[in-house]
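Each of the two complexes below includes subunit A, the first together with subunit B, the second together with subunit C.
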Partner chain A sequence: MESYNRRDTRAAWLMLAPFLLFFALFVIYPLVMTVYYSFTNYNMSAAPGWVGLKNYQRLLKDAVFHKAFLNTTVYALVSTAALAVLGFLAAAALNRTTRSVKWIRMLMIFPYATSWAAVSMIWLMMYDPTTGLINKLLRLFALPTRQWLFDESLALGCLIFVHVWKNIGYCMLIYLAGMQSVPQELYEAATVDGASDFRKLISVTLPTIRPVAFFVVTTTMLEAFKTFTQVHVMTGGDPLYATTTIVHQIYQRGFTEFRMGYASSMAVVLLVCVLIFTAANSAINRAGNGGQGA
Partner chain B sequence: MKKVLCLALALCLALAGLSAVAASDPIELSFTRIGSDPAERAYWDWVIERFEAENPGIKIVYDEVEIGDSIDNKLNVQFAAGDGPDIIGHGILSVAQRVELGHYQPIDEYFETWEGKDDIMPSVLANGTYNGHVYGLGYSTTPYVFAYRIDVLEEAGLSVPATWDELAETARALTEKNENGEITFSGFCFPSTGGNLVEMDVFVYGNGGSYIAEDGGPLMTGAEKEEVIGYLNDLLPDVNIPYSNGETNPFAKGLAAMTLMNNAALTSVINNPDYEGKIGLAVPPHNTTVGTFCGCNMLFIGRDCADKDAAWKYIEFAMSRESTLKRSEIVNIPVTLQSLVEDYQAMDPWNAVRAECVAVGTGMPRTLWSTQFQKIRNELVQNVVLGNVTDPAAALEKAQDDLLFEIDG
Partner chain C sequence: MKRTGADRRFRAVNIVFIALLCLLMGFPLYMTVSISLQTMSEVYASSPKLLPAAPQWGNYPLSMSTGSWGRYFYNSLLVTLITTAISLAINSMSGFVFARIPFRGKGALFALVLLGMMIPPEVTLFSVFKLVRSIPFAGGNNWLGQGGRGLMNTYAGLILPYIAGSFGVFLCRQFYLGFPRELDDAARIDGCGRLAQFVRIYLPLSGPVLASLGILKFTGTWNEYTWPLVLTSGDAMKTVQLALTSFRSETEILWNQMMAATLVSGLPIYLLFFFAQKYFVSGLLAGSVKG
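Up next, the complex of A and B:
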């Protein structure tokens, strides 16, 4: 029996080896090196020189990084809340079996299937204050136009809108899968008790698909923290850093200004934030499940 | 034994064949240049085709990257991977930093024996010289010219402005607004965002200002710059359509009467049949000093170039009299060889304006802090265009402090 278990274990390790090698080379190693570089003045050309906590001390004084941190937080919170709610409502509205519903679901998933670069270019044209479709429509209805991506107070909101537009189909799909696994008996019992459709949605559907909601919130929040492409393509972080994010700053500092050490310290800060969020989200979910796991 | 001998002979023949094939493979040189405008692309296609025809053993693999962060990002990644381009076409801003990082190789030994050594303009040669060594040869000066719509000015009975006061008056007169008060046709358009907002530098140099202090350090403050900010603060809200200088200038879309524009980018507008005879060029309006921004793109040999002789051959070909004149013909770029100035001016009636812009032009600071300067200057310009600057002196002090903070990092 012991040799059987040892043989089994060896076979398991052998089968896991390719993935573990990949994981070590492309996840663990870069992670460890990023943390190391964050304590150096690495510029991608010369050998890194140890500077201790200098990069982290500079982060505390860097107003642009503070702005990027705030933007990332706002972006993540607002887009996640919007996607969690709108995705749920969209799934509830499309949780039926009529023929047209299939086409609507397909149309909603199209933006999610399109690359961020293509989506960004299209919305960049639409947001153009002079020739863009949005302002043209507003002029058509004699409504006041906006500078959109050139307006400090609106630019981040414009990007958040695009993010929600692109991802709502994905969230809808995940929620829909959860809703379709809710036992019909629960709805029948609620009907017998005289519950309205809205009441069933809130009191039956929502509590039952709580784990799905947890998954949606976690994945959309993590996706929001990684925001880069739409910022780079649509605004470049402008106007006046109103749309820059942590990942965008990492890119700017590391690849434009040769300050890979400083960029690495930003990456470490981002990692810590993501870990804190994930831990908090898991704790909330566990509390909601009465102490059980997600 | 016979079998062994036959096998050995076959192996030798095979190896000999392989080496012959390898020896006959052309030398492949990668060439990456800054800018992605179609006119200049056509020029480089012409150069590469002729160079390869004259040098059948050398093949050029061409790539271009748009102006701004993109070219630096691409080069940084390539050099970090040890795979930098063999020949690089880049601007003044890159010289100090990339020489210090070892990305550019010195070409002193080639320059000393180059037949064009005494013909290249001294100011152009200076752009590619650092710490007493020659690293790059300027193939393209990129002056910012004042572009205007001849037909619009004529219809309004206005003359081409030569001073700031005339510019303000003319721009306000030509600006059109709709019933909501939104500007639909800009009298003078000025970018609010973009990769390198040198349009501000045109005004600074036109007012006798400089960004480099006497000790070689950064200089963001000064009365000349305060006047520039005050002037733009007053003018732009009345005449401007906001745009990013990384995208199409409203002037090129027929939505503006006047603008400042990179001469190379202007070529595609001038060549547009819809604008035939409608585009005029002038030296930018000035306040105290006739001046403008004038960049310079140079050809460098990259650190990872395995065949420096072949790379120099390509640079030498691109800097020849024939190639230089062709460049002017296709892209309207002012020549960088002194002996060709008259030929250049004879090509196009507007070339005299372009040549004057080069003569009075100043480029990016050729310093280690040029990238940081670009970032802080861009931030200042955006603040001005967005109307955030109520105290120009305070804004410039902040810009100086921010730049010193960035340099210190």
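Up next, the complex of A and C:
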């Protein structure tokens, strides 16, 4: 049992005061209010009136929200799977220290440092059906062109591709850090045993960086749940709600239709999804590490 | 060392993979630069123009004259710099407390900090908006925070919610946990209080973590889109990111000027990225290595 020094305790609370003030005001209080608003019919003009579970019942019947939920799930699963695999392959290919490799790595992190607004502009230019580079290249090789972001069956895939393009450098970086901490003796032992480079990648690198892969999956998944800016800028959720996401629906209902109570119930659903996913993830991770924790 | 045939094939596959990766990552970026220097007739040409016939440097000043870009840059820089400075001060001090000062309830409080890191800002977007709108005595509000527009469309409204993040506290705590305990003893002998101990001994040694955190915070705030979108209205308070996306609502999209503006909008980030890449990378990694 640690004994607490009163002067220390006072100093601690005083020094934490600014942080706690901001944290309470802009994180905890809004969180509580979001849950409260989700049980009301708040619309900004009149005081919120209690409606019980009505917002949640409406969510169950809201086809657009279902679409948004499905889109978000597909977006998160596909982009996470792609990033986890491609990030690993990129890191494995670039795991050396020559000068050219350093430049390539920098090139790959570049889109990650760029804002979603700028990345969206770049890909609007690439995907544009008439002036876009992708269709121009297809035309050059006499291949059929597509409407890309205007095609109901392709639009979500186009957004997922951009997401992977933007984040692959980050995933590669995390994997690389993990790979560089793999003990060199393991590789030497494998070489003595006559293992090929490919064999070493599969049998030495892959198993030892499992926790890193886990981290990559967790962070990219959580990032994908929050997808909004790229949708708002590139498609506005169109065509026919093919690209709308949960956060995009929150924005639409809350800030363009001012149905704040209803939007808050969507926010609560998003929060519950995120918390369940995080909890499940850390449970799996703990089990995988023999109860050692991350 | 002798290389087997399998290893040679593996290397070849490797090199092809790297080449494809570079093409995929680099082509859109290259085309952004190229189109920013093309004429509109080159942009409209039916075959892809990889290079402008003559670089149209004039696209850059032209794109910047489509709006008050000086004002947008001023807005973004002001908000980003103030946010970064205040965040660094608050986060490092709180990180020090969590790493070094024993007090009752510390464990529970730190658990709250970790919980705060899990809550996506998108979830509380509206409630924070409502709160900022209802700050008493601001923007024509009465003491109950009603009647006016609060801190909507103000710098304070843009900045305050950015400062609340708890990731920086976590990062600084991890950093300070690695300091030797002897530092504390030395401070105690000198008769330092806790605040003096932080300011005189820990802070001067915090360069690396503050550089990493500062770059992350700067980049994050500069690139932020959603909060300025809901909080501001009108041209005067637009940030660079908002201004960039409003290029789209014009009747005819001037892709060359739009790409020029896209490149200019990231300028501060690119400068940081090139000159402080080490800290940029270590900041990203610091977030991934949980203690």
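Going forward, the second predicted complex is superposed on the first by the 290 of 294 C-alpha atoms of A that agree within 3 Å, B and C clash if a C-alpha of one lies under 4 Å from a C-alpha of the other, contacts with A are read in each partner's own complex, and residues count from 1 in each chain.
The working rule: a contact is a pair of C-beta atoms (placed from the backbone, for glycine too) under 8 Å apart; a residue touches a chain by one contact, two chains touch by 3 or more.
Keep in mind that this is a model prediction, so the values were computed, not measured.
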One more residue to check, A:Ala267. First (subunit B), second (subunit C), both or neither? second
Once the shared chain is lined up, is A:Thr131 touching subunit B (first), subunit C (second), both, or neither of them? both
Partner chain in contact with A:Gln184 - subunit B first, subunit C second, else both or neither: neither
If you count the residues of subunit A that each partner touches, which comes out higher, subunit B or subunit C? C
So in the superposed three-chain picture, is A:Ala118 touching just subunit B, just subunit C, both, or none of them (first/second/both/neither)? second
Identify the partner contact of A:Leu31: answer first if only subunit B is touched, second if only subunit C is, both if each is, neither if none is. second
Would you sort A:Phe23 into first (subunit B), second (subunit C), both or neither based on which partner it touches? second
Figure out whether A:Thr97 sits in contact with subunit B (first) or subunit C (second), or with both, or with neither. neither
Name the contact category of A:Arg259: first (subunit B only), second (subunit C only), both, or neither. first
Overlap of subunit B and subunit C contacts on subunit A, residues 130-131, 139, 251, 255
Quick one: which bits of subunit A touch subunit C in the complex? Just the residue numbers, please. 2, 4-5, 7-9, 11-16, 18-19, 22-23, 25-31, 33-34, 37, 89-90, 93-94, 104, 106-111, 113-118, 120-126, 128, 130-131, 133, 136-137, 139-140, 165, 168-170, 173-174, 177, 196-198, 212, 215, 219, 222, 225-226, 228-229, 232-233, 247, 250-251, 254-255, 260, 263-264, 267-268, 270-271, 274-275, 278, 294
Touching subunit A in the complex, subunit C uses residues 4, 6-7, 10-11, 14, 17-18, 21-22, 24-29, 31-32, 35, 43-44, 46-48, 90-91, 93-94, 96-97, 101-104, 106, 109, 112-113, 116, 118-120, 122-131, 160-161, 163-164, 166, 169, 193-195, 198, 219, 222-223, 225-226, 229-230, 241-242, 244-245, 247-248, 255, 258-259, 261-262, 265-266, 269-270, 273, 277, 280-281, 284-285, 288-290
In the complex formed with subunit B, which residues of subunit A make contact? 43-46, 58, 61, 129-131, 139, 144-145, 147, 150, 152, 235-236, 238-241, 251-252, 255-259, 262
For subunit B, which residues are in contact with subunit A within the complex? 69, 72-73, 76-77, 79-80, 97, 101-103, 178, 180, 182, 184, 192-193, 195, 241-244, 246, 250, 253, 255, 371-372, 375, 379, 382-383, 386, 388, 405, 409
